[in-house]
Amino acid sequence: MRERIHFYLTDKDSKIARGIDIFIYTIIFITVIDHALQTMDSMAAYHIYLESWEVIPIVIFSIEYLLRIYSAPNRVKFIFSFWGLVDLIALIPYYLGLPADLREIRVLRFLSLLKYEPASKNIAAAFNRIKKELIIFTVLAIFILYVAAVGIYHFENPVQPDKFPDIFHSMWWAVATLTTVGYGDVFPITGGGKLFASVVVYVGLGLVALPAGLIGGAFSEAFSKDK
Amino acid sequence: MRERIHFYLTDKDSKIARGIDIFIYTIIFITVIDHALQTMDSMAAYHIYLESWEVIPIVIFSIEYLLRIYSAPNRVKFIFSFWGLVDLIALIPYYLGLPADLREIRVLRFLSLLKYEPASKNIAAAFNRIKKELIIFTVLAIFILYVAAVGIYHFENPVQPDKFPDIFHSMWWAVATLTTVGYGDVFPITGGGKLFASVVVYVGLGLVALPAGLIGGAFSEAFSKDK
Amino acid sequence: MRERIHFYLTDKDSKIARGIDIFIYTIIFITVIDHALQTMDSMAAYHIYLESWEVIPIVIFSIEYLLRIYSAPNRVKFIFSFWGLVDLIALIPYYLGLPADLREIRVLRFLSLLKYEPASKNIAAAFNRIKKELIIFTVLAIFILYVAAVGIYHFENPVQPDKFPDIFHSMWWAVATLTTVGYGDVFPITGGGKLFASVVVYVGLGLVALPAGLIGGAFSEAFSKDK
Amino acid sequence: MRERIHFYLTDKDSKIARGIDIFIYTIIFITVIDHALQTMDSMAAYHIYLESWEVIPIVIFSIEYLLRIYSAPNRVKFIFSFWGLVDLIALIPYYLGLPADLREIRVLRFLSLLKYEPASKNIAAAFNRIKKELIIFTVLAIFILYVAAVGIYHFENPVQPDKFPDIFHSMWWAVATLTTVGYGDVFPITGGGKLFASVVVYVGLGLVALPAGLIGGAFSEAFSKDK
């Protein structure tokens, strides 16, 4: 029996395992919608019903977690394995009865989605391959953002001390600009600041986009390999 | 005669077929401009003339539709084929006499443009090849947008309850930010929110752009193959 | 002598030809700066001096134009060749004494810059190769922008009739959004409009960027071939 | 002894050299944070402590600089080498006791970070390879920005003389638009201006992004070669 449960929970090719997958995904999907509806003011009247739904995924995931421990060939090893810990992290917040403002941690539960995804191994492998470059490019991006922030601070702080009060606020400008989001909450107004911003955008655009490109490429590779 | 009509409507290499194509494209182009002009206030005086133009494409497309049914080797099969249904969907709204606010559905008529495009088959084939990846990347993008929305809601809701009232409004922020559109209608103002937004933009930029890249690549492939 | 002038004006490898190139580029560069300074209010006092500078490039380009006609093996053919016409177009506005508000056409003169660029032929060849795709992708981009405009008009016109009064104004929103510029002058405020905008951005981003990618690629190819 | 010092400062494979690297990086990282904290108003009370920290990196880098000169096989050659000059530039501002508003030049000190990066040679090599293209594409980008600026000035100056007073301000619009940052501080409001902006964005997007793409590619190549 123990072997059978282990088989149904880990094998991905049988019809039953696929049925379990679809069931779990549906539960998680409803929970996500439920979670979002709880934050709406117009749903305040139904809050109690929306909140009680959460018991269902908790019960299901708790049972699944216990079955996995029970059926694991090596129980201690499973509990401290990556997916064992993800399961635990996903369940703990509910049982601890965290206060309202800390309960956003519930979103971590959706991490367990990845467990049911057959491409997860490929994703991990792809990220392992780009790990070193990702670190270097992130350091490089932060360096460029910092230089951009110092420069714009120098030009704009005397004129707009409320928008560029210090280098940390200037870095927010640098992030919004070099990722080309450009909300328009902070922007240079002096001639020198505009010229500096123009040069920085030209030089920095390609560099700041490097980590994003690497991550996108890693996912793209992982899924095309799975196919 | 029936065979002849069928030939002129489907063959793409004869001069007559190409002439029909250019004629149809011109009619559709004028209809699009006509359609846009009807929405202008300064054109209100000419509204009756602009609206009556619409009869012309309807008549032409109705005749073409009937000719296609008449000349099709298998009539029932044609009516329920993809292009047969597109033609029907494009014509129905007019004959049903839909009320003013539902008439925007007329835009569907322009779908029939694709029918005259020889690359249509390649587009369909290219999309078929990327179908699975497109679904996975879309799910992934929605997941990232959701995580971004929950995070920013946590940081900004207490300070800007009017801009980030619930997770659905926060998702709008996430879409505008991770596609780098950045209208500037909603943006984080707390230190934590800005830091979270910066990290999310770095990590998410490449992932959210994946579906767009796939679709662009599929079209690019379809047209270069046609060439 | 005629052959000698022809040689100096067209050969690109001799020292004298290169010297002429650098001289012409310097003149054009100063003219551009001069042109920009003339628009500044704080330069109003020096306007007369800035304007008189323009005589110098006109004289130089006129002499060069006449020398080219004189030295051309086939004079009629040169006058109606591409570069012959560009030269003419660049000079005409000045001699016609166009009124102030039409004189912006002077910027066309800078087109002649391309004449001195050895990679010009490669650029023309690269554009010739992508011509057909460029047209198709541009039509596709306009189609998507139109569909986006009709959709957002449907959602936002009843609520923001000042921002989305008709489909032409809605197309401006579509352009600013799908190129991810996102000024923030127009954006959806209804739930339906935001959802529609999110879907359109996802699907359309890759398609609208296709022409830009093609043009960038054509230039990149042209210059790397020249190298 | 001189040889030994030279070995420890330049060899990258020994444990001691790597230990020195980590130590230097930590010092620089703390200095950066310290530098940023000094600009915060809420840190004004601790300003004296934050400023005195700066003595530490100065002492360390001064000792290192002197040791490098002492241990260099050819001292004069080292002083006037690239890294020798970078070291000097990084130290000079402090010893000269520059007035407060010129002290931002301190950021140059962080350039010496690159000295400790084994990939530096690859970066230099990669940039050398793209040097010519980078110059051409930058000139091309500036040309497009200029044409965009002249065009938008023509359309918008009569209506928005405060936002588009001259071509230099119009270039700021061109930079913000063609890099898709789009702050929303300046944008066209006339029909002609919007149409012109739409066309320019389509054509120019790919061209203005070329330098950024080249720089990103050069870094990507440099680091992947190092790996």
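Note that the chains take the letters A, B, C and D in the order they are written out, and that residue 1 is the start of every chain.
By definition in this document, contacts are C-beta pairs under 8 Å (C-beta built on N, C-alpha and C of every residue); 3 or more make two chains touch, one makes a residue touch a chain.
It should be emphasised that the depicted structure is a prediction, and the values quoted were computed from it without experimental measurement.
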Chain located farthest away, centre of chain A as origin (C-alpha): C
Classification of the chain C:chain D interface as same or different, half of numbers criterion: different
Rotation angle superposing chain A onto its copy chain B by C-alpha atoms, nearest 5 degrees: 90
Where chain B and chain C are represented by their mean Cα positions, the distance between them in whole Å: 30
Centroid spacing, where centroids are CA-atom means, of chain A and chain D in whole angstrom: 30
Sites on chain B at which at least two other chains make contact: 168, 180-184, 209, 213
Residue ranges of chain C touching chain A (in the complex, touch as defined): 180, 182-184
Complex interface listing, chain D residues touching chain C: 132-133, 136-137, 140, 143, 146-147, 149-151, 153-154, 157, 165-168, 177, 180-184, 187, 189, 191, 194, 197-198, 201-207, 209-210, 213
In the complex with chain A, residue positions of chain D that touch it: 32, 35-36, 39-41, 104, 107, 110, 113, 119, 138, 141, 168, 171-172, 175-176, 179-185, 209, 211-217, 219-220, 223-224, 227
